[in-house]
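Sharing a structure with you now.
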Amino acid sequence: MTVRTAVAGASGYAGGELLRLLAGHPEVEVGALTGNSNAGQRFGALQPHLVPFADRVLEETSADVLRGHDVVFLALPHGQSAAVAEQLGDGVLVIDCGADFRLSDAADWERFYGTPHAGTWPYGLPELPGARAALRGSKRVAVPGCFPTAVSLALVPAYAAGLAEPEAVIVAATGTSGAGKALKPHLLGSEVMGSMSPYGVGGVHRHTPEMVQNLSAAAGRRVSVSFTPTLAPMSRGILATCSAKAAPGTTAEQLRACYEKAYQDEPFVTLLPEGQWPATASVQGSNAVHLQVAHDADADRLIVVGAVDNLTKGTAGGAVQSMNIALGMDEGLGLSTIGVAP
Amino acid sequence: MTVRTAVAGASGYAGGELLRLLAGHPEVEVGALTGNSNAGQRFGALQPHLVPFADRVLEETSADVLRGHDVVFLALPHGQSAAVAEQLGDGVLVIDCGADFRLSDAADWERFYGTPHAGTWPYGLPELPGARAALRGSKRVAVPGCFPTAVSLALVPAYAAGLAEPEAVIVAATGTSGAGKALKPHLLGSEVMGSMSPYGVGGVHRHTPEMVQNLSAAAGRRVSVSFTPTLAPMSRGILATCSAKAAPGTTAEQLRACYEKAYQDEPFVTLLPEGQWPATASVQGSNAVHLQVAHDADADRLIVVGAVDNLTKGTAGGAVQSMNIALGMDEGLGLSTIGVAP
Amino acid sequence: MTVRTAVAGASGYAGGELLRLLAGHPEVEVGALTGNSNAGQRFGALQPHLVPFADRVLEETSADVLRGHDVVFLALPHGQSAAVAEQLGDGVLVIDCGADFRLSDAADWERFYGTPHAGTWPYGLPELPGARAALRGSKRVAVPGCFPTAVSLALVPAYAAGLAEPEAVIVAATGTSGAGKALKPHLLGSEVMGSMSPYGVGGVHRHTPEMVQNLSAAAGRRVSVSFTPTLAPMSRGILATCSAKAAPGTTAEQLRACYEKAYQDEPFVTLLPEGQWPATASVQGSNAVHLQVAHDADADRLIVVGAVDNLTKGTAGGAVQSMNIALGMDEGLGLSTIGVAP
Amino acid sequence: MTVRTAVAGASGYAGGELLRLLAGHPEVEVGALTGNSNAGQRFGALQPHLVPFADRVLEETSADVLRGHDVVFLALPHGQSAAVAEQLGDGVLVIDCGADFRLSDAADWERFYGTPHAGTWPYGLPELPGARAALRGSKRVAVPGCFPTAVSLALVPAYAAGLAEPEAVIVAATGTSGAGKALKPHLLGSEVMGSMSPYGVGGVHRHTPEMVQNLSAAAGRRVSVSFTPTLAPMSRGILATCSAKAAPGTTAEQLRACYEKAYQDEPFVTLLPEGQWPATASVQGSNAVHLQVAHDADADRLIVVGAVDNLTKGTAGGAVQSMNIALGMDEGLGLSTIGVAP
């Protein structure tokens, strides 16, 4: 089986990571690479690490260019995916790495994104309860946000098992690639290196309602989320420190058993042995998720820490994993659990 | 007035930072520099950035060597300060950068440190209510831990004003210098760069009871603390993200007003203008504390983020500031609010 | 064809990178993993990024354990390879990532390494003239040093074509993984981050005679090498800035044509388009070599800058590439030209 | 004596560093802060680390605003300084951190900068032979480029003593702040972290003729310079690796003696003890220069490695040092030899 793929938004970080993974996928052929501001440029000048594509020329993003592929990955600014998908029609598997189809609640969407809600597509986080079934055979996939990927995998088992009270507190550090290639002063190397800083504090980050949606679905009741993202001096990686008050009577043993059970058959999620904590370097460039749990008896809180690569499992890896499922291929094709460390 | 000072533990990071500050202090003369494993070595080989001391030779730490100074700074491993201080007697101002005399509760001490409690000294965080008065004229100072410095300054005003519920959740990223110069595999540059990882998770970090102590004192009732430290790929700096459920009826305006009032006369603490968030680079090498507050209406939580340099305000700067107060000098001598950025 | 491999020294950085590559090699099966100081430990505690091997236990390095594999990779301290290889016998392909068999001149070896010369094995840098032929069918391979890999690929074409005078000046920055996992104070993250420093200055670095050997072979006369390595604040990557006086009459056009021709059929070496310079991030985790050349008309010097990943093309990737050739497999199996960027 | 100063270009990195130093200068008062694109903004939003100036408002750069100060520092884009200086007149000490008045050869200027030559001012590198005398009482100072500062201090003694052949080869790594705050894709944190890359290769970097000028003046004959700058993953610091063929008969002892003598009375230059090599972290934020020398007997070359902070000694520190000399104050006022390490 050879799957012909196209990447719209190929000059950005998500697009580049998609190409890195697709180039190593045994059943995939890479067709059109598109962009807008950089259309017409030699691809090697834009993404010098993607040597096999260096002599390609970036095309303008349009349905005409994207048509004729089996799978089209969209790594576009928010708000552009619906129109492209509609033009491509139902015969093409469209995998949207943007936010447009992640939220099921239109009011949440409009409050956080300020535009009309485009709809909801099957959610590309196969490890969530019911997600794999929804992805199989689907022609549309909404890839989760990078933070919601880490946070949902960290907290859903506890909520699904009733071990945590419905108020989650999350502080997550991200590498700067999460902010994309936009030229903003605070993203300059001189500003970022040697510095940690928060942003989007106080419940305003757009990934917050997505976390609320996933955790609430698991808990069967509304879970509130206090989410603070911080920018760390590294290119890649998310370390999500997640906690919640323990449900009455929850023990450390129960907690550990719950996560062992939840992820025992998941190929990309590792609950580390007791005493070993996740580090983002260990999952760099991989589709792996590393988790560890603890119960703080004094504060009576559960702490779950998760590490993912924001560009791989947090975006492009999740997209490829979802494609594999949607097309009925082996879920792990083209993906690795091995990080590029040190 | 010329104050003659000695530094015990001068070859470590805290000791080095003390010397950097003392060298720029207009009323201070630096006498003995001591260490143990490195005694006898040329100081320039140990701390090449401290050029004015390069030709000194590190002496063995002993009361004999330390005696004869007006002020002795101790940057020693935990458990060694009491004996040295006793030998030096009451005539010498002893400023302990270690943990030995920070906790007032002997049971807390014994639980977290595993040795008998040595006692309690005036606490070198002048911005806390009542702390300046206790420091004035004192011959003993316990310099706070670096995390408790950041966290206490971030949360004490809210607790003192009754704006927060007594369960604080704190995630704080620290630069690697906080772990000292010990040769441990996870502190190698190859492991640290490009990586974030947590440690001491689940209520076991030794700075936890110190935070509980300070926040409880402010609140007038026991405050529980869930504290997760993370190691960030930078040499210096702490970014503490602190939150707590808002007390009923607390508004964003109240919160901001509370912090404005608490710190309006504090020379080293800046509540940033609305919309601007702290970054550790801005306080690097300085005694400054940058704070920002938010109220997350959805989660009904207060979020306070604080940035300090762990070696300066978090250790050596706090020590010098306390010395200035103890000796009746201008509190800001030898200290700066200007960070070395970018 | 399934090739059964073992890795001696699997807990170090070179060993870990070998395993990362071997795990993705379609014709390879990974057998014994050995080490010494860490023998008996769960492998996941030593190399947490290598998830598929996490439950393995590190064995003691010995011929008994290593025997029974088709290929044995040695990532051992200098001086240990000869004995192991002899015990394994001629039926096993032994690929030594150490220095023991790289130098053909016994006097050079003894001067720089201080021990008796063990011999010379076919040199695992297939891009050098004649190297591929020597590797085909060989049962022994000496993997080049990481710096000589970058420097030889950067300068050999110019010397082979007679475009450069026989005095090369090389300054090369390396990531800290090049220094291994040894616990040395100057390798601590706190020391490395935000800092550049040289080491082994003045002709004393052990990779110098290896460069002299390779460049002299290409030039057909002795080439002297002034080599200064510097330690850069990054985990991986070598950027080698190489220059030499131009041979009389050499032009920029000649220079460029020379490199185009030299590498036009090399799968892992890319001469970048004019105006684009190598960056180590572009080759991170890949077996790619990026080169660019210039002629400084004022100083009348050729400048060639090369970027490699010290652990991949500079060690483990070169080893796998050599294995592929030695065993008659496709040279690129298990290797990629795509870097993990950003 | 109170010196009233103004800084034009205060929102950039050089301007910020000037303010950091001037704020700690005991004889200086800081008057106008000007900029152009950011004029009208609260200064704290632009340079949050400069707390004492946070409530200032950036003014438009104009002679009217700058007039009325004793000293005006210009940190402007190239080409703008001459007009401002002329309007300010001869009564004001004008210290130009830009390139406009550094080169004495008009043809060099025009070739490298493409505009008419504005003239030549006394050169603000006091450690060069004759430079102090020219600075004393001067009303104009041209602050050297950051690379020429490091390189000239590294190589001038050898050339002045006739120990080196007139062809210097220099590779210098710089922190990203050397490239300023301009929003360019290759300066994004995601691109810079974990990566080394060269730029301005082949004799085209604008600092090259300035090095040629300084080294030639020392040698008494034209010295050619092959200069390759590289961008390192750090915010600050220059590590310059400089070499040249040794003059016939030069010995390691002569070389060391030459540098000891050249810098024995220089307050900011340290020739490190034998065996110890410079690291940029050791000079971070300081006006110190660390040097080490070696003679490579095989290649018969002198190697001199120098470390400076590009923003301090390389720009703002050199400017303040020059101001002190020009005004007849103690040369070291407001400056330190102590780096902010680790």
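Note that the chains take the letters A, B, C and D in the order they are written out, and that residue 1 is the start of every chain.
Definition applied: a contact is a pair of C-beta atoms (placed from the backbone, for glycine too) under 8 Å apart; a residue touches a chain by one contact, two chains touch by 3 or more.
Since we're looking at a predicted model, the values are computed, not measured.
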| item | value |
| --- | --- |
| Distance-maximising chain from chain A - centres being C-alpha averages | D |
| Chain pair, A-C or B-C, that carries the greater number of C-beta contacts | A-C |
| Mean-CA-position distance for chain C and chain A (Å) | 35 |
| Intercentroid distance (Cα basis), chain C paired with chain B, Å | 45 |
| Per-residue overlap in chain A, given as positions that touch at least 2 other chains | 13, 175, 177, 190-191, 193-194, 233-236, 279, 281-282, 284, 342 |
| Residue ranges of chain A touching chain C (in the complex, touch as defined) | 13, 16, 20, 23-24, 42, 44-45, 47-52, 54, 177, 193-194, 235-236, 270, 272-273, 276, 279, 281-286, 288, 290, 336-342 |
| Partner chain C, residues of chain B touching it in the complex | 13, 175-177, 179, 181, 183-185, 187-194, 233-235 |
| Chain C to chain D touching residues, read off their complex | 167, 169, 171, 173, 175, 190-191, 193-199, 201-203, 208, 224-226, 228, 230, 232-237, 239, 241, 243, 245, 277-282, 284, 292, 294-301, 303, 305, 307, 341-342 |
